[in-house]
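Next up: some structures, all given as structure tokens.
In what comes next, chain A is part of two complexes: it sits with chain B in the first one and with chain C in the second one.
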Partner chain A sequence: MSVLEYVANGLVFSSIIVLASIGLSLVYSIADFANFAHGDTMTVGAYASLVTFGVVGGLGGSILGLPYGFFVALVAGIAVAALVAVITHRVIYEPLDASSIGLLITSIGVAFVYRSVLRLGFGSDFTEFDITLLRPIEWLIPYGIRMTRHDVAIVVSAAILVTALHLVLQYTDLGRKMRATADNPSLARVSGIRTARVKLWMWVIGAGLAGAGGVFLGLYAQISPRMGFNILLVVFAAVILGGIGSVYGAMLGGFLIGMINQLTPLLTDIGIPIGIEYANAIAFVIMVAVLLVRPSGIAGEGTT
Partner chain B sequence: MTNDDNHPVTRRNLLKVGGAGLALTAGCVSQTDEETTTTTTSGGNGGDTTTQQTTTQESGPYQIGMVNSLTGSLSAFGERNKRGKELALEDVNAVGIGGRELEILSEDSQSTAQAGVSAAQKLVNQNNVPFVIGAVGSGVSLAIYESVIQSTDVVQLSQNSTSPDLTNYPGLLRMSPTGSSQSSALAEIIADDGYDSVAITWINNDYGQGITKAFESAWDGDVAYNQSHDQGQSSYSSVVSQMANSGADAWLFITYQPEFTTMAQEAYSNGYEAQFYGADSVKGPKVISNTPEGSLDGMKVVAPSAAVDQDNYKSFASRFEDAYGTTPTSWSAFAYDCVVNAALSIATADDFTGAALQETVRDVTRPEGQKVYTFQEAMDVLGDGGSASDIDYEGVSGPINFDENGDPVGYLEIFTVENHEYSSTGFISG
Partner chain C sequence: MTDDTSSTDSANTADRRGGILGALRNPGDYFGSLRRAEQGVLVFVVGLLALLAYGVVSGGLGPAYFTYLVGLVGMYILLTFGLNVQWGYTGLINFSVAAFFGLGAYGTALLTADSSPIAGQFNPLVGLLVGLVLAAIVAVIIGIPTLRLRADYLAIASLGLAEVVRLIVLNEQDLTNGSAGVRAIPGFFEGWPLLETFPQTMPGLEIDTILWETVVLQSSFWQGLLNVALVTVFVAVTFLVLRRAHQSPWGRVLRTIRSDEDLAEALGKDTYAFKMQAFVLGSIIMALAGVFYAHLNLYVSPGDFEPINTFYIWIAVILGGSGSNRGAMLGGFVVIAIREGTRFLGDILPATFPIGLPDMLSIVETTYATIIGNFASTRLLAVGVIIILVMRFRPEGVLPPQHELIWPGTVDSSGTERPERGVRDAKTGDSQ
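So, the complex of A and B:
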């Protein structure tokens, strides 16, 4: 029955990766560079919600084992991550006006700055949300699935955020403008779209989702200044696998990479001596294999 | 952290100096010859120059050497060593060795192998000491052994080196137990608790690998799960699930605090229960404060320790506090025992020469003799003309009992988590 258990673990981990991948892919498609500060944007979100949760506390009732205050903190985490990203865009990326390689290198520097500032403020040790850890849901255990209500909350919240993004992209004016800008910025601009404003929104959405991913990652494991950076490589793998620049591809890639990562123990269970320390390596091998067949990723051809 | 303490000098540095050391040895052999000739002439021992090791110390205090990290990156250790050494000298000289005092010529290794080798060369070739206490860093100790000591009769006793590598040099004694002694202690504890099958997860680096290998060779039971994990991952739920699926009821964690905390949380939220064991690197207040109440209860962790439950340590600690205003660390206890050990080997040796001291230095700590806890006690038991095997010095740092590789028995404190706090529940030699 361990397969279902690994799948359950994978579902939770995938939710976090998906949230992070979407933002990375959005930034790539619209701002046209690989943002290495994305992982640390997640960390910023996690710390912002940690501080907020410390201030607002429990706030009475709770949903799925999480006090209302946590959802306030989640919103704060999203908001602060978005705000920090917008300020960074305005102060650094926009005035710099460098090529995509130049911006990539700059974003590595930005990542260091985020991380160091957090380290100055909170130290480099790990910490936790002051939320009681739960035991697995009783009635699922006979099926071999061991999930807590917190895990369910992470999956459900991620699903809501992803659906909301889908609705925005497909059915709103902003979504159409974003897709147009991603497709062809010059054409979008001559058609009267204010691409600068679209870029700003893109940062808000991308970094906001990263912030949410960071908060859930903090809830799932711990909060530490390196948490986002440590997961960034996996997120990149997900985005590239899905087809860089494609939001739906990133969702799919995030889901697959998260699942592969957590299903690795199956290999040793069936007797193949490849340990879990190779989980990320396996994810990358599969990524390379997919790219050999489809050089632009699974959903590479499609528009966002 | 533990890892860093264990290897204060990197292997690369060691190799570098090892190379230089060879050259130095070549140079120093001729220098020794020269020294010998001069000393024999001045000592008036006639024309007999067949032995290279000649002692010039016929009267006055017994002079031995010490190479210590007084400056450099390990100077914090050096400071503690110095304090331990001074207290030990007081104790030894209050009694005296056959009416003579013990004097220690201290040289600085600057925490580097290069300076350490020069310091040892000065002590051995110019001061003609037959016994050298040194050094702190494992790389420094090895460099000294290979370049200066190996080709002579001189006894070398390292005060603080913990690298498992030193076990391969039986001629190089050390007072601090090898880092892998906790492995054998853990194997013993787990077996004593009645488990015959264990699941091990270890961090994928030298530290994890070393401790795990040593554990495997000490463990007689079944290993149901034995896999490494990478440092700094955001999730270890697959580790925890696999350990649970392995069916072993005893889980051993050889990893660092953040990694262990994640695993403990995931074990809790996956509803798994097992008896946890850990190396000292998983013990810390952060681990306790970030895991749910009750989730670790019963967990056992071993950590290297001085013999804090023994009276001789208690009196050492209170004197140390009076003199220096802080509590001693186990590192100063090791230095203290080095000095007492040296004094006892001198007291029981036929001659004050390296060759004679080699005969006694191990025996005075071995369990064949009568247990003695202080230098005074030891001298009382020895009386007039007692031999090295009459006594078994139990140091302030532990039972010592040098084995054939020159390693002492490790002395470790067992901590058990009770009411979500670590409490000391005993000691074990490993």
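So, the complex of A and C:
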């Protein structure tokens, strides 16, 4: 396998991690706690789209090898993940009279509830979307890149979502309110911003992106109740590398960590005996190194 | 904090002077002197023990398995003590309890087991030492980058640590035997005079119980009894050390750090050093539990590193009462009740809903069948729901620390009148 191939894989995996880490970072900056249920929110999105896709089917035509029905399922996955997060916020987090640490511990409980309910409903085995696997794109093979059109679809969709988020944050009223709330919630409130409403939108956007990430992860690999929890460490590493609470940092961190994760086989190729099974461990080592050298991450300010 | 409660609790503490003796002399009065939460806990623990005892007497529970369960309770109590030092005393969030537990277990297993891929057949005391040292080293390594930062960084990093330790144990087959685990670990008393052969020398007893079964005590029971004795010693020593430490100036600094770290720093305390000491101490206690487990179960595998084991201990600590060692002991019982209780319920409940329902309610039947049929998932659900409920409705836990923070000698036993019940009950809510 060539270096280009690893980079191509890295690009696809990065897209997924970026979607997940933006959501985690948003929650961190506005709700002010590390949400350990974020990975399982991804899983919720993946299963929601799996079910939807099973119901609506292909719907005729296809884009980039993916039937129209898949995109309907993607929207359903995003919507369900957002809905579940909003309900969780309303029922569990909001009535809780707790510090950010209390919320953090509660979010572990929330994660377990999500995962166990999915396991009760769908069993703990792996499943996948009922979409025919494609052959790699022909004209890329001479360059040593084996990439399917599905992979291209993941990267393009992620790029669209991230761009949309950027536009929302920078050019809309809601985006300005969100940035103000993240910056200083009390000041935002006395300026007349309804921070409670902003928080709800934050959950919708953050969890929606996580849901999309989950759907793509399911398409890229497989779907299982543990998929989100397994990837949570990588997502946290991305968020810390980018700078906790910074959305743009999370994009950068997600890209870097996703890339490094898929470049792990290079280590074996150049003679370092660290196999692909340690890809997540490398993310962890990077995270610890960042905490040692620059705890605020690449884009963060002094958040010690 | 202690000043508020000391006046109202002094009479209560004075009652406790009589301690166990007093309780035995006059159980009714002793029970009446407890707060309502304490009464509930007492009823729960006694009820659980009675249930277990009934299981043994009626033959449903083998006596050897009974001692195994009691050993597990002790192990969970130790783990809960460890996390209590970190989270309860100091406010450090450690999500890698299972990793430190596993380090202790693997540390001793790899040194003592016959099938160990690296060393093997050392005395378990060596294994004990190595397990504890291993955990201490890893604790320092993970503490250095995270303990200077906000508490949530440790939470995130420790979650990662747990995963990495699990990956290493799973993949480094030459060192750890990989997913096959380590078998043939000797009992803890291997190589000790007298105690090594104790189970074999004890006679097999047959005891006719009042019920219909005859309980046979064989060498496996005596072996189990020996383990219970061992864990009792571990728990007792740890409890005494922790109680002393918690009441000492060192413990006071830790509590200050938990409630207001800036304050502790302003008072000139090196909070980083204190946090590191608490973190390492807690991790060593967890490893101690792991060492005991390895010699109790005689087999360790990467499955022992599963994150759910960490969160059992979290439930035990936050439910029992963060910072309270009595609460930690309660937590140990609760964990066993959850683990064995769900297994037990699954065995006795019918696999399908017992009553025929109209078609409209068929969802009840299918849900019931799913929940009974998938035990691990149901248990996970229970863990999640309990965490949420405790954080929502009783974040201070069932037995929050109160009188145990007060030096026995500092309380004037003759002075204060015993206050009205209602007053004390009202007080219990707001102090934490």
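The rule is short, and it goes like this: the second predicted complex is superposed on the first by the 296 of 304 C-alpha atoms of A that agree within 3 Å, B and C clash if a C-alpha of one lies under 4 Å from a C-alpha of the other, contacts with A are read in each partner's own complex, and residues count from 1 in each chain.
Quick note on the criterion: contacts are C-beta pairs under 8 Å (C-beta built on N, C-alpha and C of every residue); 3 or more make two chains touch, one makes a residue touch a chain.
Predicted, not measured: the structure shown is a model, and the values here were computed from it.
Of the two partner chains, chain C is the only one that A:R119 touches; chain B does not reach it.
In the superposition on chain A, contact of A:L134 is made with chain B only, not with chain C. Taking chain A as the reference, the larger set of touched residues comes from C, when chain B and chain C are compared. In the superposed pair of complexes, A:I63 makes contact with neither chain B nor chain C. In the superposition on chain A, contact is made by A:G275 with both chain B and chain C.
In the superposed model, A:T264 makes contact with chain B only, not with chain C.
Looking at the shared chain after the overlay, A:P95 reaches chain C, while chain B stays out of its contact range.
Overlap of the chain B and chain C interfaces on chain A comprises residues 275, 277, 280. Only residues 33-34, 36, 92, 95-98, 100-102, 104-106, 108-117, 119-121, 123-124, 229, 232-233, 236-237, 240, 275, 277-278, 280-281, 283-284, 287-289, 291-292, 295, 303-304 of chain A touch chain C when the two sit together in their complex.
The part of chain A that touches chain B in the complex is made up of residues 2, 5-6, 9, 13, 16, 125-128, 132-136, 141, 146, 148, 150-151, 217, 220-222, 224, 226-227, 230-231, 262, 264-265, 268-269, 275-277, 279-280. Taken in their complex, chain C has these residues touching chain A: 91, 93, 95, 142, 144-146, 148-153, 155-157, 159-161, 163-164, 167-168, 170-171, 307, 311, 314, 318, 370-371, 374, 376-378, 380-381, 383-388, 391-392, 395.
Residues of chain B that touch chain A in their complex: 204, 227-230, 232-235, 237-239, 241-242, 245, 258, 261-262, 265, 268-272, 286, 289-292, 295.
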